[in-house]
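In the two complexes that follow, chain A is the common piece, with chain B as its partner first and chain C second.
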Partner chain A sequence: MTPQETLQADPELSALEARVLDEVAAMLREVIGEEYVANMEITMDTSFAEDLELESIEFVTLSAQMRDRYGESVDFVGFLAELDVDRVIAMRVGDVVRFIAASLAEAGQAH
Partner chain B sequence: MADVIANGVRLHVQRLTPRGGPRPGAPVVVMIHGMVMDNLASVFFLANGLADAGCDVICYDLRGHGRSERTPSGYGMANAMADLTGLLDGLGVTGPVHLVGNSFGATLALAYGCAYPERVASLGLIEGPFLLSGLGEEMSRSIQATREAVSDDEVREWLEHSAARGVARMAKAALSLMEQTTIAEDIRATPSFRAERLAALGRPVLAVYGGNSEIVDQGRELARLVPDTTLVVLEHHTHSVLREAAEYLRDLLRWWMVLRDTEPEVPVYHRLPGRHFETADWVRERRPPDDILAQNAARRARLAAEARAAEAGGSPPVAEPAGAVSGASGPL
Partner chain C sequence: MGRVLFVVPPLTGHVNPAVGIAGELACRGHEVAVAGHASVVGALVPDQVPLVGLPERVTPQERAELEARARNLRGPASLKFLWEDFLIPLGREMAAELGPVLDQVRPDLVVVDQQAIGAALLARRRGQRWATLATTSAEFDEPFAMMAGVERWVRDLLDRFEAEMGVPPPERAAASGADLRFSETLTMVCSVPGLLRTPPEQRRLPPGTIFIGSPAGLRRLPATDFPWDWLDADRARLLVSLGTVTREAGSRFLRAAAEGVLTLADRLQTVLVAPPGVADDLAAAAPADLLVRPMVPQLELLRRGRLEAIVSHAGNNTVCEALSHGVPLVVAPIRDDQPIIAEQVVRAGAGLRVKFGRVNAAGIAAAVTTVLDEPGYRAAAQRLRAEFAAAGGAAGAADHIEKLLA
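Moving on, here comes the complex of A and B:
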């Protein structure tokens, strides 16, 4: 799957991507719950490790919130199945957002 | 369903299932992390791999760890087992489960299997401290070493101002757990295993140790005493094998849970070039904490001198306390 290419080619999906980014950013601010992140601009390029300094247990909480929010349309278990903690923490917010947006588009929930 | 009240304590739980839910009769796996400087995040990523392979996987934070309730006391083995029973009851899990534990979590899994074999289908033990005598003292020494390492003034200073937020939060949580609860005394009271109980276990056991781990001999002894044990020793790896060889452990546990009946051969470990891990001498030799601190101080002094010599304004000592901290959590 190359969601990035698909999304960039399709303006409607970019809107979906932007919506998911807003949702994920809000979840991140809630999970981290500290002042430094309240005013930080969270973009697709924001990294979990360097920019957000996310703790691994916080990623666990975030992924639980994402599972609750997006349900069966997004296969987080499958997404994380081949990754280990170091690779997950090295990801950027956009990696997760693009995966969610592509899954939602595939499941026909874009609207 | 992130929280379950078990044995009167609120435990943070993450239950992971394959897309569309587990099939009837799917293996139920409970994953247990290590002690003090650890939480369920360390087993969470393996858990996703197992759920994706069809298992119904339950991860939880031990009391006092991660997002679970921190009680002032009750950290001994008997309570840890009661917490686990309460968790299974609270989740309505009545059939036998596959327990997978890392470090202290493996010790707990084995103790649980000996005490309640009817609730256990198999045991996956990763680097579990295992002794027929002096087990509590052994585990308590490593807690003490961790405590001394993170109590050091300079390390505290580093955690406060320079450490990455994730490391700092984990270390501070560990420090307050050790300072504000009875965990150290409770762990010291851990009973050793009894050979006759182990001989009668009657459940298949997968035991994984690092060839360079300071407790690999305990794994060999375990394999000798527990019938039906598959021992996998990964050369070039240490007590931190869960993190060092994450990909292989995921394949190994998938094999153990879902493929073993049809493919009897243990998956072969292909070590990637450059993947070589060694246990620090002070962990292996279990030297007193004073020595750890003296070593750290000497290293810091050397690095500071080097930095001065190079007239570099960077922060070379930053990596040092991290090494001390994770190493000190060693034998648990």
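Moving on, here comes the complex of A and C:
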């Protein structure tokens, strides 16, 4: 899915969120690195546990990628550490995308 | 000579290590007993170790329903289910029912499975000397490194459990920095430090933590119950097993594995542990290449069968048994501690991971080929074999226990 398609697919998504969604999806594909995920549509509703089967070790790699891309302004490690068990279970890509977009907007990196 | 009581939950993978150590202590002349639920534990405890049966509060049907629900869960949802629907209720039962057992047996030491928190609670309250047996190293490998909230949740759950059992706040484990999952006197971990993400010398483990390697000992299935003649001398030998619990959920994976390894039949014979109906047709079509059995004497296969590799769900017992024989693995973790144990295997260079839910026949064949052909995997497993040997296994564990009996 191209960024344009993402935008059209979900009018509720801001341009920044759509951009971040594409970036996060690309990072997830790289972290998981398997064929099935290369062909999977990753949306705001994709769940980390059920759909992506992301293991705890893969969160470590993902957070390193996010640090490389977004730097200090996005504290993904802090975000994860604050989640209670039910939010960990239910976590969807959209939760992470919205957190990143909000962090970037706050840090003035939204452009 | 001392008197030692082992307390085990009704989970096969937790019973076998306890029984290995109990058998070793019995051979050394100690008085040893195992307390557990006869419906699950009975068949696993060898004759020379008496079983103290705990009341069967969970009917076989309820147990089957629990297992069926557990099979549908992965990741943190599975952890939550394990604690809320299985371990806490089990803890309540054990806290209530083990008192009379302790009065009767009057052990010098109680060896409590790490998940039998009711026994740990009771031992702490009674001033009974107790040790922990951790049948997986997951809890010592920063399992919630990124998810601090999950670890907080477990701690809160344990504290609420103590509160519910009437332990006043100052006497609860947390009040003294203790934890029902870790005895400060002795916590024996079925693994070796070389498998951990952070070496123990760089990170503080709970006090009293000792790594005992693979304590596998006596098993129920006699080694005679295997067609040893079936194995060729001139092909590599592979075992595919999803262990004792997860087998019935693994039909898709097991079938894919069977199809995958059959493409390698020119160089490979495979023993597949599977229930009837999964791959019998494949075995019938290639009887010299694939052997399907509902159960195998796994330790004997490692010793006598000279396995070249194991495809496993990364259950800790199978992984430790394989590595203590220097055998590399292809791991397909399903749930619970398995992703962490699988990661240990990969990090140590002793195997490759595939996705249990997604991998196909070609993917499994490719992973097996890589592990067989690239000598690094076997070399890493051989290095770990030496570390497992040094950890001492059941005999090493018995030595540590004897120090507490002196």
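As a convention for this text, the second predicted complex is superposed on the first by the 90 of 111 C-alpha atoms of A that agree within 3 Å, B and C clash if a C-alpha of one lies under 4 Å from a C-alpha of the other, contacts with A are read in each partner's own complex, and residues count from 1 in each chain.
The rule we apply is simple: contacts are C-beta pairs under 8 Å (C-beta built on N, C-alpha and C of every residue); 3 or more make two chains touch, one makes a residue touch a chain.
Model, not experiment: these values are computed from the prediction.
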Touching partner for A:E55 - first (chain B), second (chain C), both, neither: both
Chain B versus chain C as contact partner of A:V77, first or second or both or neither: both
Contacts of A:E41 with chain B and chain C, given as first, second, both or neither: neither
Partner chain in contact with A:A64 - chain B first, chain C second, else both or neither: first
Where chain A meets both chain C and chain B, residue numbers: 49, 53-57, 59-60, 77, 80-86, 88-89
In the complex, chain C residues that touch chain A: 74-77, 79-80, 143-150, 152-153, 333, 339-340, 343, 355, 357-358
Chain A residues within the chain B interface of the complex: 49, 53-57, 59-61, 64, 72, 75-78, 80-86, 88-89
Residue numbers on chain A that touch chain C, as the complex places them: 34, 36, 48-50, 53-57, 59-60, 63, 77, 80-89
Sites on chain B touched by chain A in the complex: 2, 14, 16-20, 39-42, 44-45, 48-49, 51-53, 61, 66-67, 164-166, 169-170, 243, 246-247, 250
